[in-house]
Amino acid sequence: MKQKLDFIINSNDALNKQIFLLKVSPKNGAPLPDMYPGQFVHLLVHDSSSIFLRRPLSINYFDKEKNEIWLLLLSAGGGTKRISEMKAGESINLIFPLGNSFSLPKPRQKILLIGGGVGTAPLLFLGKRLLSEGFEPEFLLGGRTAIDISQLEHFERTGKVYTTTEDGSLGEKGLITHHPVLEETKFDKIYTCGPRPMMVAIAKYAAHNEIDCEVSLENHMPCGFGACLCCVEKTKRGNICVCTEGPVFNIKELKWID
Amino acid sequence: MDRLKVNIGKLELRNPVMTASGTFGYGDEFTDFIDLSRLGGIFVKGTTLEPRQGNDYPRMAETASGMLNSVGLQNKGVDYFLSDIYPRIKEYDTHMIVNVNGSTLEDYVACTEALADLDKIPAIELNISCPNVKEGGMIFGISCTSAANLVKAVRKVYDKTLIVKLSPNVTDIAEIALAVEAEGADSVSLVNTFLGMAIDAEKRKPKLSTVTGGLSGPCIKPIALRMVWQVYKAVKIPIIGMGGISNWKDAIEFILAGSQAIQVGTYNFINPTVSVEIVDGILEYMDRHNIDSINDLVGKLDY
Amino acid sequence: MDRLKVNIGKLELRNPVMTASGTFGYGDEFTDFIDLSRLGGIFVKGTTLEPRQGNDYPRMAETASGMLNSVGLQNKGVDYFLSDIYPRIKEYDTHMIVNVNGSTLEDYVACTEALADLDKIPAIELNISCPNVKEGGMIFGISCTSAANLVKAVRKVYDKTLIVKLSPNVTDIAEIALAVEAEGADSVSLVNTFLGMAIDAEKRKPKLSTVTGGLSGPCIKPIALRMVWQVYKAVKIPIIGMGGISNWKDAIEFILAGSQAIQVGTYNFINPTVSVEIVDGILEYMDRHNIDSINDLVGKLDY
Amino acid sequence: MKQKLDFIINSNDALNKQIFLLKVSPKNGAPLPDMYPGQFVHLLVHDSSSIFLRRPLSINYFDKEKNEIWLLLLSAGGGTKRISEMKAGESINLIFPLGNSFSLPKPRQKILLIGGGVGTAPLLFLGKRLLSEGFEPEFLLGGRTAIDISQLEHFERTGKVYTTTEDGSLGEKGLITHHPVLEETKFDKIYTCGPRPMMVAIAKYAAHNEIDCEVSLENHMPCGFGACLCCVEKTKRGNICVCTEGPVFNIKELKWID
C-alpha cells in the first residue's frame, strides 16, 4: 500500500561534492511498511520554485531497526541541488514505496550487481537483501573518478567488489563495461543501474552471453504511481509505465537489443 | 453534506470537486490515498474507439509552476474499457465520467454510442481540445462550426449528460461555448491544456518527442480563471472549471468566477490527497462565511 | 563583440538582448544597476497621443511564477515625451525604441508621425496587443484584417524600422504575423501579456481594479516559446521573442525557437541586472558550443 | 544610489508569534551607504514558489557602527512567513535604499509619531534620527493586544511613549485614534504608519486640527524603483508611484480628505 507521509531528515552527509546520503524517518514515528530493493520514493520539497514535481529516488537501504530510509542523492539539477542543501531536522514529504522490485535469483546462481555513479543507490539495498537470503552477491562499481564511487565500505561488507574509474584513480582504468571480470567470470544473473548508455551496453553484453539481466530505469516521472502515463518505456508489450510496471525490467521485455 | 450538492445537466453531484481526465487514471491509482466516495466525480482517462499507443517518450517537461505533457491519448480503446475496466470501476461510489476522444466525427459518435448504455457512466465529457494528437482533438475545438457539428452529432446518440471540454487555445472561448450550448451540450468544462513548448538549450532539442505539448498546472490558473468568467457571462449551462487548481482557495476562486463544479488535474501528481483536502477546505470556507449552499457562491464575484 | 550583432529591419543591434516595454521605464530607473550601453536596445514605456492616467489601483496581482498587471498605458503623452523625455534618453548609448499605442487607427498614425523624425529613435514598436485598455490595443491584434489595416496606415508615415507587437490571445498567431508582414512590417515582437484574472477568495473580489489584466513572467514561457516557433515557421521577417525570460538559458531557447532578438520584461523587477547577465550568459554559451555568430543559432532547433 | 546586494542574516528573533526582528549585513562587508527614515528595502527570497516578486520592508533601524540594517517583519502571508523562517547565517538579496523619506520637522515643533501594529517599523528609525537631530519625539503606539506592540524598550529610550491596545492589555483600551493624548496635547507635526484605515483616520484628525502630517503608504510593489507603474496612489497630481515619490506623503498631496 502506497502512502504519502512526512519524514524528518535524521542526517544529510555529503559523501563528495555532489553526492549526499540522506537518512529519513517518518515524522509521526509510525513503523515503516515492508519495502523491497528496486522500489523508490517520490520526494516533494516544499515551497521551491525550481521543483514543481516530485523527484524520484531509489531506496538505497531500509534500516528496519532504526525505522529509517536511506537515500543516495546526486545533485544533478535544480531539484536535487535543493534537496542536497536540506539539513537534519527539516522535513520532507514522501510518497512510497513505489514501483516493482528486483526479482530474486535462482538458488546458487552467480550474481553480479553493476552500478555506475549514483546508479549504485538501489544496489546496496539489493546486495544486502541477497546476502541475507543466502546469496553471494558480487559488485562491479564504476565512476569517472574514485570519489564518484559511494558507500564502498558498505558494499565491501556485503560481497566481493570490483571497481573501475575512467581516470584510473580506483580499480581498473576505463569504462565499467570493459572490466576484465566480465570476460573472466561467467555470471548467471546481472542486476544493473546507472546511466542509460551503460545499461544498454551491459544489456547487450548480457544478451550476447545469455545472462539473465535486470535493469532499473530512470524515466522522468511526474506522478510516480501510474496516473499520468508520462514515464513510458517502449517494450515488447507496447508503451508501459516505468513507475508501476518498473522501474526494474528484465532486458527481455525491452526493445534495447535487436 | 447537502450544502455541497450541485447539478450538472441530469447529474447530481455530492460535491463540486472532481478530478480531471488524464490525471487520475481510472481512480484505482488513488485508492491507497483517498476514499473515492468523497469526490463529486471522476473523469477517467481519455478514451478512443481504437486502442492508441500515444506519443513517444519523452512526453513530459517540467516548467515554471507547471508541466507540459504530450501523452497523446494512450489508451486501450473503448472495447477494452467495456470489457476490462468498466466492470471494475463501476463499483466506485462516485460518478465515473468518460472523456471521449476521436480523430473524426464518426469516431466520436461511435465511441459515445459504445458508452451510452452503461448504467454507471452517467455522463461523458467530449474532449474537443486535446492538443497532443495530430488528427482530431483540438481541431474540433478551435472553430465554432466544427465544434457545433460534432456536438450535434454526438447529442443525437447520447441522452445522458453531455459535457463538452473546451480548448483555451482560441481567441474567443465564449463564442465556442455558445456554439456548443446551442447544439444541446448540458455543460462545458474548461480549460484543457495550453499548447506550449520546451527546449533543452544545451542539446538544442525540444524536450518533448512531439515538440509541442499541453501546459497545465498553477501557471495557467490566471488565464483559465479569466476564461471561466468570460464563458459564465455568455452561457446559461453550468460550467465545470479547471486549470491549475491546487487548493481549496483556488477552487473557491473558480466557483466565484462562475464554475458550478471544478476539476483538479496536475496537482493530483504532487499531492494525491489534494482533491479531498479541497472538499474539506470548501466546507470550512462556507462555515466561516455563513454560506448555506455552494450554489450561492457560483459566479458571485463582487466586481 | 561582433559575434552578438543582429539586424532587425534597418536596425543593427549590438546584441540581441533588449528590455520590454512597460517593464524598464525609460531606462533611467536602471542606470544605478547596469550600464545601458551593454544592451541591444530598450523599448520604452507604452506611449499614446494624449496623456493617460492609466487604470485605478490595484493594478497588480502576484500569481504562480508570474504576475498580472493592468497599468493601462499610463503615460504623459507623446508631446511630453518629445519635450521632456526624449532630450534625456537620446544620450543613452543604445537603441531607444518607442512602444506606440492608440485607441483608434488615427491615434496610432498621429503618434507615429510625432516620433518619425527623431534622430535617436530608430524604430517603433506598434503595440496592437495591450489587454489593459478598454478601447484599442488588443482589439487590433486579434483579427488579421484590423491588424493589417493598422500596419498599412502606419507604414505609410513611417520609413524606419517598424516592429509590430503581437497578442498571444489568439487562435492562430502565425496568421496575424503573416498579415502584418504582408503590409510591410519589418519585424514582429511577441508575446504581449496573456489576458488573465485573479480573485481574492476571502473578499470575493477581483484583485485588479479592472477585473482582468495581463499575465507575464516565467509562467507564460512555454506558451510564448511555442508561439515564436510557430511564427518563425510562417514568416520571413525577424522575430523579437519574449515572455518569461529570466536567464540566459531562456534567451537561448527563444533564439533556438526562431527569435532574432529577445526582450526581457517582468524579470527586470526581480533582478534589475538580469539583462546584462543574459548578455554574458549567451557569450559563455557560444564559447562552450563554439558558435561564431549568434545568427547561427536563430531557429536552429534540432527536431 | 540604489544597489542590489546579498546580505547575511545576523539574527532573526521572534518578538511574538508573528513579528520578527531581522538584523542583516552586507555579505561582502562593504560599508552601507547613508539611509534615511521612511526608506525601504526590497527583499528577494531565493527559490520559493510562493514568492515570485520581492517584498518591501521598511528600514526599522540602520546601525551604522555594526553596518547592520534592522527589519521588523510581520508574518502576514506566504512571502513574509517564508522570510520569518529564515535563520541566522542564511543569505537574502536586497535592493536598497528605496523611496523618499520623512521630512524633518521645523525647529521646536512638537512631534508625535503614531504607529499601528508593524507600522511602527519605520518610526523607530525616524524617532532615533529626530532625537539625534535635537527633537523630542513622542510616540503613540497601538495594537490589538500588548504583544503586538514591538520594540517598546527601544521606543522608550527614544522619547515619551503612549500606548493603546484594543483589549486594554497595555495602555489605553480602544483604538489608537481615540487615545486621549490626541485630545489633550496640541502637536505641530504627526508622522504615521500603520493599517490604511488607521492612517486615514489620523489624516482626518490632523487635517481637522491643522496639524502637518506625513503618512507612509504600503501599496503593492512589483519593482520598487519606478519601473512598473503598478504601485500608484491617486494624488492631487494624478496617479503617482509610491515607490519613488513615496512611500512618505504629506497628507496634503493625497486625496484622502474631501
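For clarity, chains are labelled A, B, C and D in written order, and residue numbers in each chain start from 1.
Keep in mind that, in the parts below, a residue touches a chain if its C-beta (ideal position, glycine included) is under 8 Å from a C-beta of that chain, and two chains touch if they have at least 3 such contacts.
Quick caveat, the model's predicted, so the values are computed rather than measured.
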item: Computed distance of Cα centres, subunit D from subunit B, in Å; value: 47
item: Separation of subunit B from subunit C, taking each centre as the mean of its C-alpha atoms, in whole Å; value: 34
item: Subunit C and subunit D: spacing of chain centres that average the CA atoms, whole Å; value: 36
item: Set of subunit A residues in contact with two or more other chains; value: 49, 52
item: Residues within subunit B bordering two or more other chains; value: 63-66, 217
item: Topology of the chain contact graph, where touching chains are joined (line, ring, star, complete, other); value: ring
item: Every chain pair in contact, whichever chains are involved; value: A-B, A-D, B-C, C-D
item: Complex contact set, residues of subunit C against subunit B; value: 61, 63-66, 68, 142, 169-171, 194-199, 201, 203-206, 211-212, 215, 217-223, 225-226, 229, 244, 249, 252-253, 256-257, 285, 300-303
item: Complex contacts: residues of subunit B adjacent to subunit A; value: 22-25, 29-30, 32-33, 45, 53-54, 56-60, 62-67, 69, 71, 74, 217, 266, 268-273
item: In the complex with subunit A, residue positions of subunit D that touch it; value: 47-50, 52, 78, 82
item: Residues of subunit D defined as touching subunit C within the complex; value: 1-4, 44, 49, 52-54, 95, 219-220, 222-234, 238-239
